[in-house]
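What follows is subunit A paired twice: with subunit B in the first complex and subunit C in the second.
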Partner chain A sequence: MSQAIITEQLRREFRVDKEGKRRETFVALDGVNLEVNRGEIFGLLGPNGAGKTTLIKILSTLLSPTSGRAVVGGFDVTSDPYSVRRIINMVSGGEHSGYGILTVRENLWLFSQLYGIPNKIALERIDRLMDIVGLSDRARTKVHKLSTGQRQKMNFIRGFISDPEILFLDEPTLGLDVETSRVIRRYIREWVDDRPDRTVLLTTHYMAEADQLCDRLAIVNQGKILACDTPSALKRRVGQDSVLEIEISAQAGQLQPLAELSAQRGVRRVAISSNGGGTLTHRLSVIVDGDGAIPEVLQFLAQRGAIVTGFKKTEPTLEDVFLELVGRRLTGENGSQVASKG
Partner chain B sequence: MAVGSRSAAECWRTFKLAAWLGWQMESNWADPFLFSIYSIVKPVSHSLILVVMYLVVRGQAAGGGLFAQMYVGNAFFLYVGQVLFGLTWVVIEDREFYQMFKYMYVSTPNIYWYLLGRSFAKMAIATVSVVIVLTFGRVFLRLPIHASTVDLTTFCFSMFFGMVSCIGMGIGLAGVMLVVARHGGHASEAVAGALFLLSGAVFPIDILPRLALYPAIALPTTYWLEGVRRGLLGSGMGQTMAVFSNRELIVVLAMLSLVYLILGTLTFVMCEKTAKARGLIDMHTHH
Partner chain C sequence: MKTDLKWHLRVNVKAAIARAYVRVVGTNREFSWIFFDTLLPLLGTAAYVYVYRAMDAPEEYVGFVLLGGAMTAYWMNVLWNMASNFYFERQGWNLELYFIAPISRMAILAGMAIGGMFMTTIRAGSLLVLGSMLFNVRFNVSSVPLVVLAFVLTLVALYGLGMLFSSLFLMYGREAWHTSNLLQEPVYLLSGFYFPVRALGFYIAIAASIIPLTLGMDAVRQLVFSHLHFSLFPVQVEIAGLGVLGAGLLYAAAVALDRMERAAKQEGRLTLRWQ
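Right after this comes the complex of A and B.
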């Protein structure tokens, strides 16, 4: 079987409390169809609440789907969760997890033994992984004395300790410093390249991480997969379009008319973001059909009284792909407004 | 068959490691000297409360007779607190404080064996406490426990099935904790309190009103405490239990323990299914 993970019409609903005693149904996953090949790093890219973590929870047998089917390593997550657990492991970033009374090494050893790793191999693996992520000097430190970042490094090692066939990484570098994140990304890549049957399913909302690490990506929003392809193929979707990053100085009242920019000829998408707090400086991300539309865009802004204080034309990024597909930026900034054609 | 034996090996491995983890968490929080002091002071203080109450109520010195029955019942009830309350707390603590429950859940073939292992560690801790309390009672309060009069068969069978029933109830309550918020932990205190009242831990169940007597005789803990009294002291407490011979007492206790283990396991399985369906395995309730 060449697919490590298959989902078919996977749906997950939650009953959520609303004002008063009324309860409403929230659809976290809406008919997700996905195929992840063995030996690839597959990324789920989307904003908070898109359904990424819900999908990982279902695939790792922590949560039952409302309907549909999910198969991991050839085993159905609903009817054969025990077989799934034998071949997977998972890491969630941004947590404060760990048995505080045990040392780092004891915590990791415990999990290696739960997976039945022979003691000698387990200890060698623990030492090697601690060395890679820079945690060796904390091996005999009790976990309650670790910083959040150090706990996260330990948690990361725990995910790899069983050398699983399929590894779920939910925002693995969340809250880590740049250098550690870089080391971790490099290790993930090496780990998968080292053996062709290892598979990683990774969620992130860091565009650079997704771009650098993932063989294929699915862009997820509101429980649906909007696109699924390699990062370069996704970026080609924006095609020959130009992406303009324009910094303008304008009063708050002038912003609404600027949304009409999307109606201009040659303009495909416009996203306006500001830092809030009554600031005069705003940022416009504009996707245009070609360079020919640039003068018209600048003229439009000048006519509306917006002063251009910065201008940059960039190559399409995954952020632009997200903007193209969803109609807004993934990296959240306050006061985002969106206008688009069609 | 291969799959079956592999599963059994995995369950046993999970049980052993959970017991090791439980022991570390119970004993490793302080240096050994401080832990030894705590291990002695806590159960002894617990039993001294009973001694003082007895002195005040009866106005006579503690020693044999009714006091010995109360003392022994109270001492062994430490298991109920440790195993019942302890198991429910394992779920809450692992899930919300250590945030490790979900990792345990996906690392083990069945979380049930993890909880069984943790309950074993709780039992080990309770055993240390009970031995200290009984030794204290024997040496300082002159409890009539003599090697020559101890009925080891009745005692051992009572203990075995008593522990089975405690684990059964503890597993059931742990299952309930999977679907309730952190404050649900108070439920286990309520259950432990009800068991203390109804099992005749410190008084004969004869004095209970008739309405309370029915649940009392349906509880395995009632027979277990009666069994350990008979095993250690040579006699039980009260008339209601006196109708059973030692052998009959063990048989009833064995049957009830099995029933409670099955009910506890079924409750756990149902609650685990509900928790998975509602996404509660890794919830943080912040209560």
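Right after this comes the complex of A and C.
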């Protein structure tokens, strides 16, 4: 079986209390069909409340689906949960698992025992993983004395201790600094590449993380999968447009003729920004239909005496994909929610 | 199939040991228990000792009270550390990790019970030794093996009750917490912690025998104060009753846990922390 995870018309409803004791049905997952291949890192990308965590809870046997079917590693999550549990593990970002009175190493040992791992192997794995994520110096520190980031590192290690076939990572880098996030992303990639039967299902609302890490990803919103493909294929859906960020050095009087750039073949839009005053440095944002228009743009600028001091070509991002599919932005750069309409 | 059975056995034993480790090692890192769990209960027990002495009751009643005081530690452990543990584990994120692991939930509860019993035995033993020295209590043990048997069966039945409660806590959260609060004091009375349970009247004492401590304490008291006659039933009957209670409660706990887990998965109560 080449699929690690299959869901068919998966639906999950919750009965929620409303004012006046009236109960309403909230649909967290609405007919989700998904196939995750063995050996891939599959991402679920969506805003808070999209249904990502609900899906992971069902796949990890913590929650029953209202209807539909979910198969993990060839085992049905409803009828054969014990077989599923033998091959999975899960890490949730921001979780506070473990016992504060025990040390980091003791806590990790404890959780390794839930999978029957022999002590020697468990302790070797713990030490190696602590070394990788930079937690070795805290091995004998009681968990209640750890910082949030250190605790998250410990949780991350816990997920890998049982060497699962399928690992669910729910916002694994939440609350971690940039360097640690980078180390963790690199380790996830190496871990999957190391053995072809390992699979990771990852939820995130960090666009860069999804783009960098996932072989394929699904964009989820309001319990539905809106699109599912590789990050590059998803971005191609938005269009073939390229955005050129050009920095030029030019006198203020030379700017007016540059506006004619928009009339050039292949150029769709031009925006010029200056710092004002008598500054010589200006920034041009030029949207072109394809890469073929780039030489003509540069030639146009040179002919009008503008000196190109910087040039950057950008592709459509997953943020643009999300914007296109959902109609609003998902996150800011730092992961905070942006409520503006697209 | 054989390998699978062996694997299941190994993983569940390891899980139980690991969970017991938290109780044993964790508790020993907080030495405040010596004060809170030994010296403070001794004060409470001493009050009853002085009441009996003021009434010129037979000196053996001091031993009664001391034994009751020691057993109180087990009841408190079952009520607050055993029954409510799944509730606290859920608040602390650990419950999800136990429930996605390929282990029986009974293994986790067994680990809690073993760790709890071990630690509580140290506390109860300390209280008993200290109290015996302080109040000069004399025991007249008729059969050590029977005392051990009655005591072990009492603990099995008592912690079986704790396991049963834990699944109720899992399902009903804070509501069950209130129930535990409600149970605490009446059980002190109905089990005869500080007096022979026969004093309640025969029929009330029989009804109270559904609480494992009632039969357990009566049997142990009969065996360690063998020259006194205050029993509810003969020791053999009480030991048999404890055996039946223990087996029944453990079975009921396993069934309830299975049903509660299924219901909790349907209602999302395993993952919702605020309930």
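Everything below uses one rule, namely that the second predicted complex is superposed on the first by the 257 of 342 C-alpha atoms of A that agree within 3 Å, B and C clash if a C-alpha of one lies under 4 Å from a C-alpha of the other, contacts with A are read in each partner's own complex, and residues count from 1 in each chain.
As a convention for this text, contacts are C-beta pairs under 8 Å (C-beta built on N, C-alpha and C of every residue); 3 or more make two chains touch, one makes a residue touch a chain.
Computed from a predicted model, the values in this text were never measured in an experiment.
Engineer: Should subunit B and subunit C be called a clash or a fit once both complexes are overlaid on subunit A?
Structural biologist: clash
Engineer: So in the superposed three-chain picture, is A:262 touching just subunit B, just subunit C, both, or none of them (first/second/both/neither)?
Structural biologist: neither
Engineer: In the overlay, answer first, second, both or neither for which of subunit B and subunit C A:60 touches.
Structural biologist: Once the two structures are laid over each other on A, A:60 reaches both partners.
Engineer: Scan A:95 for contacts with subunit B and subunit C and give back first, second, both or neither.
Structural biologist: In the superposed model, A:95 contacts both subunit B and subunit C.
Engineer: Which partner does A:82 reach: the first (subunit B), the second (subunit C), both, or neither?
Structural biologist: It touches subunit B and subunit C both.
Engineer: Of the partners subunit B and subunit C, which touch A:180 in the superposed model: first, second, both, neither?
Structural biologist: A:180 sits against neither subunit B nor subunit C.
Engineer: So, A:7: does it touch subunit B (first), subunit C (second), both, or neither?
Structural biologist: Neither partner.
Engineer: Enumerate the residues of subunit A that count as touching subunit B in its complex and touching subunit C in the other.
Structural biologist: 14, 57, 60-64, 82, 85-86, 88-90, 92, 95-99, 101-102, 106, 110-111, 113-116, 158
Engineer: Show which residues of subunit C lie in contact with subunit A when the two form their complex.
Structural biologist: Listed in rising order, the residues of subunit C that touch subunit A are 7, 10-11, 14-15, 17-19, 21-22, 25-26, 29-30, 92-94, 96-103, 262, 265-266, 268, 270-271.
Engineer: Which residues of subunit A touch subunit B in their complex?
Structural biologist: Per the stated touch rule, the residues are 14, 57, 60-64, 82, 85-86, 88-90, 92, 95-102, 106, 110-111, 113-116, 158, 162.
Engineer: Going by the contact rule at the top, pick out the subunit A residues touching subunit C in the complex.
Structural biologist: 14, 57, 60-64, 82, 85-86, 88-90, 92, 95-99, 101-102, 106, 109-111, 113-116, 158
Engineer: Sort out for me which residues of subunit B touch subunit A in the complex.
Structural biologist: For this pair, the touching residues of subunit B are 7, 9-10, 13-14, 17, 20-21, 24-25, 28-29, 98-100, 102-110, 276-277, 279, 281-282.
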